[in-house]
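Here's the structure we're looking at; comments come further down.
For clarity, chains are labelled A, B, C and D in written order, and residue numbers in each chain start from 1.
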Amino acid sequence: MRDKLASLSQAVGELIRDGDSVVLGACLEQNIAFAVVHELIRQGRRDLELVAPISDGATDMLIGAGCVGAVAGAWVGNVSGGLGHNYRRAVEQGLPVPLRINDYSNFSLGMALFAGAYGMPYVPVRSVLGSDIAVSNPAFRRAEDPFGGGPVLLVPAMEPAVAVLPVQRSDRFGNCHHWGNAGVAQEAALAAERVLVVADEIVEPEVIASDPNRVLFPAFRVSAVVHEPAAVHPSPMTGRWKRDTDFYQDYHRRSRDPDDFRAWLREWVLDLSDHAAYRAKLGQRLEALRIRGEALSAPANFAAE
Amino acid sequence: MRDKLASLSQAVGELIRDGDSVVLGACLEQNIAFAVVHELIRQGRRDLELVAPISDGATDMLIGAGCVGAVAGAWVGNVSGGLGHNYRRAVEQGLPVPLRINDYSNFSLGMALFAGAYGMPYVPVRSVLGSDIAVSNPAFRRAEDPFGGGPVLLVPAMEPAVAVLPVQRSDRFGNCHHWGNAGVAQEAALAAERVLVVADEIVEPEVIASDPNRVLFPAFRVSAVVHEPAAVHPSPMTGRWKRDTDFYQDYHRRSRDPDDFRAWLREWVLDLSDHAAYRAKLGQRLEALRIRGEALSAPANFAAE
Amino acid sequence: MADFSTQELMIIATAREIRDGEVVFIGMRLPIAAFGVARLTHAPTAVGLFEVGLARHAPAQGMLYTMSDPPNQQGAAWATGLIQVLGLLQAGRVDAGFIGGGEIDRFGNINSSYIGDWRRPTVKLPGSGGACDIATMSKRTVAIMNHEKRRLVPRVDYITSPGNLDGGDTRARAGLAWGGPAAVITDRAVLRPFGPDGELHLASWHPGQDVDAVRGHTGWDLEIMPGARETEAPTPDELKALREVVDVEGFWR
Amino acid sequence: MADFSTQELMIIATAREIRDGEVVFIGMRLPIAAFGVARLTHAPTAVGLFEVGLARHAPAQGMLYTMSDPPNQQGAAWATGLIQVLGLLQAGRVDAGFIGGGEIDRFGNINSSYIGDWRRPTVKLPGSGGACDIATMSKRTVAIMNHEKRRLVPRVDYITSPGNLDGGDTRARAGLAWGGPAAVITDRAVLRPFGPDGELHLASWHPGQDVDAVRGHTGWDLEIMPGARETEAPTPDELKALREVVDVEGFWR
């Protein structure tokens, strides 16, 4: 197996290019790879298409930094604060750059990725029918079920260029464990051309091999593994990090005005060289978010004899 | 939550009726609920439609006992021995009763259950195209991808009456853990009208709640929980029971001739009152199949604080 | 004045929409508290679903800001993917779902996407999330809204979550074989669809409100349902469940 | 005579069909041993898939009678569902797949379902399993067969697993955008599709065989591929991997 460990800047630089479609926030409000968001902003990536059912704050931040040309999503905002100020400015005023929106519901987005993951050209769904989502997103097509079941909406497959997927633990080769709600992480990993795993912890291969059912996607789909603890801050990660609600609320306040947002961006992203500097700046605040309790899964035995 | 524990005879009697479609062997060659097969034979159930990608020996046994009117499957036989003698007699000679066959490949059967599980009227696939499976099974329909991707095969949804699903451990309420390869167990559990869980072990609810990711389907989909250790013998169960290859080979030899098969059936099914009697008859042979080693999954932490 | 807050009344009115044994999408905030009250009172075996990929029997221990927060993971009944959970909706296995939105119209259609023309919106709202899926595919939809004239409008600018569309059989003709609005619970009243058109009518007004006040804050000519009356006040058992178990911090008081 | 069994040669010929870094469906029995040899020699990073819902890097420790046996579960790289694994095929992410069957024809179509008319078969074979999926959707298909005239037939009675169908562009016109037979490995020879029709030709005959013997056991007029020669004997490294690691019990000797 190939050693896939890479630094954050190296992996982001090699795997995510201008114009790429990138799955961000596949687990909805947990496991959002803010470390990758910051690095994309520092590297000045442009014209990204962000794909996310819900990507609490991260999408808004990338839009405000001018990295994004389009969003394919179901919900963009700040769960703690409500509306995303940068998202609003981009859509309503074209600032800092105009933004195309491909409207989805959570389920139709999930099924588009499912189709991409498993090589189906499209999938028929019952959702979205009757809504204006079926109007504003021209990708959808209304059809009749040929087996006589009435109208269906055909959702074409989505095959993103990159899926960015934080996990609790991975080995150097991309074998990794993920737990808690999975959102569309499995479908995204299997649909994307390239998969960037962001591991909270690097472990020996034996740890992962001890429980193949906790693997969401196989290592041969993984392009690179980045090791950055708390890469998901301020979002939570099951069993690892609590949500930093104050941080979200502070971001919401300071992104209301474009100048304030740029100051925030300098303070928390541009003036920091890497995620280690971000963690150092958070300091005790980050330690307070670390989950210290233990509520361990009951063991499963895989012995063959 | 409702206490769903029931005896084998009670659960089989109440949940599986003459003429029902029943998913058996959802995990292919492991976790085949032979205890349920034996009870169906003892209760003289008739005209069942068996649904199974591969159901190593169990389908053949039910067919030979005259319980089956149709099979929707991808492979019927005896993995250790090859051809299924009772299956051959039913198809080639109509003995003991004629048998309808709905041919599938593994993938098309899995996708039919997927569509049933998630309420899609049908799913388009690329498999089966060009084969005679698309001819001999009239349920399939060839169509053009309206997005311009060429021919597709439309597989209509399958919604079986019952799914019989062995698991390593369950609580009394139907919360259960399953590990090892899952085959179509998740799709079957979500597609079926009634779900019969066959638990190798009954545990306290806290054990299951300690690891919600090891739950394949939610308890509210479960109709009854039967506790029968080694209900899967002679098939294997990950971490619990090894495969009894000699038993399969003996069955294969003794099912070649119809009279021999009836003698086998009396010895191993009809003359035994229940699965406890079957286990007692196996005696030390069963103990030798018990997996005694330990290769435990690395723990996952779900603590919130 | 009654000894409960308007929000407490809304929570309890929402809880009453959940029947025992039902499988419900409970969304965030107020409906989570409602689910807790329902489980402790009349619906002890209800199951809650979260589109992130979770199912729960007992509500989470601890404050949730999002569905994915750690307290919602620990002790969950099922941790899985989005498709597994939202697929239950499409299979017709979900009894009720609770959603919100920016504006709602007299047929219960909800907009949480665009104010103004969607091609050049004056305000961009966050979007559907799972709301469109719940509104199209659960057996009943319950909306939670603040009762303001600008939010309860004759016709929404954009239908994110279909209600009864243009009324009558228009929902069925759009291909939605079941479901639709069952109730709209606001800070002033409970509205329900009534009559052949399925238009929202006033079903009850909260203590301290009256018909004129509710109609005055509604953007269309709100009709009164036969038998409409004051919303039933919380029972002592309901308030006890809310205050002593679900909301010990008094967040909703 | 050479110091290896025909089955050992078949295993090693099959192993050579696996390239390093490839993702392959390895099925049961002989191809599992071939996968083990390939990993130990020229293809150390190949990945094996099993349609039951498993992926493995290293082959299982211990004898497998079925893909679901306990040794295949322990230390697997991925334990999941059937759709997840077979879906990789449909997405075009599987390089090669190994299948068997009751009979194969000159275009590499395989029958493992019905002998005779499928409406009234004289023999009912077990059926496709995953073979049809592999034959339609992997980038290359390798068939393992016993070389008998009744098994290598001009035209199979029933196409369970499509090869090149009627030759030429008939496979593509059926909607199969990629894939098809790459090799048929028998106990006498290796056949490969050749020419515009994609008909199976003799590519090599095993030591101890010759062209006439192979043709005599083939049910159609088997043509010879340019450059056809004797199958390359196992190298010492290949035999060492097979005998000292993969098949220490000597099952295949």
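Details
We adopt the following convention: a contact is a pair of C-beta atoms (placed from the backbone, for glycine too) under 8 Å apart; a residue touches a chain by one contact, two chains touch by 3 or more.
Nothing here was measured: the structure is a model prediction, and the numbers come from that model.
Common neighbours of chain B and chain C, by the contact definition above: A.
For the pairs A-D and B-D, the larger set of C-beta contacts lies at B-D. Chain A and chain D have CA centres that are 40 Å apart. In terms of their C-alpha centroids, the spacing between chain C and chain D amounts to 57 Å.
Chain B has its Cα centroid 37 Å from the Cα centroid of chain A.
For this pair, chain B with chain D, the centres built from the Cα atoms lie 28 Å apart. Those residues of chain A in touch with two or more other chains are numbered 119-120, 125-126, 152, 179-180, 182, 186, 213, 238-239, 242, 291, 295, 302-305.
Within chain C, contacts with two or more other chains are made by residues 54, 69-70, 73-76, 79-80, 83, 87, 89-90, 137. Contacting chain pairs in the structure are A-B, A-C, A-D, B-C, B-D.
Only residues 119-126, 141, 143, 145-147, 149, 152, 154, 156, 168, 177, 179-180, 182, 203, 207-208, 210-211, 213-214, 238-240, 242, 291-305 of chain A touch chain B when the two sit together in their complex.
Listing the residues of chain B that touch chain C in their complex gives 1-2, 116-120, 175, 186, 190-191, 209, 212-213, 215, 217-221, 302-305.
Chain D meets chain A in the complex at residues 23, 45, 47, 54-55, 57, 60-62, 69-71, 73-80, 83-84, 87-93, 137. The touching residues of chain D, when paired with chain B in their complex, are 28, 50-54, 65-70, 72-76, 79-83, 86-87, 89-90, 113-114, 118, 121-133, 135-137, 158-162, 165, 171, 174-177. Per the touch definition, chain B reaches chain D in the complex via residues 27-31, 53-54, 56, 73-77, 79-80, 82-84, 87-88, 91-92, 103-108, 110-111, 114, 125-133, 135-136, 142, 150-153, 179-187, 235-236, 238-239, 242-243, 245, 248, 291, 295.
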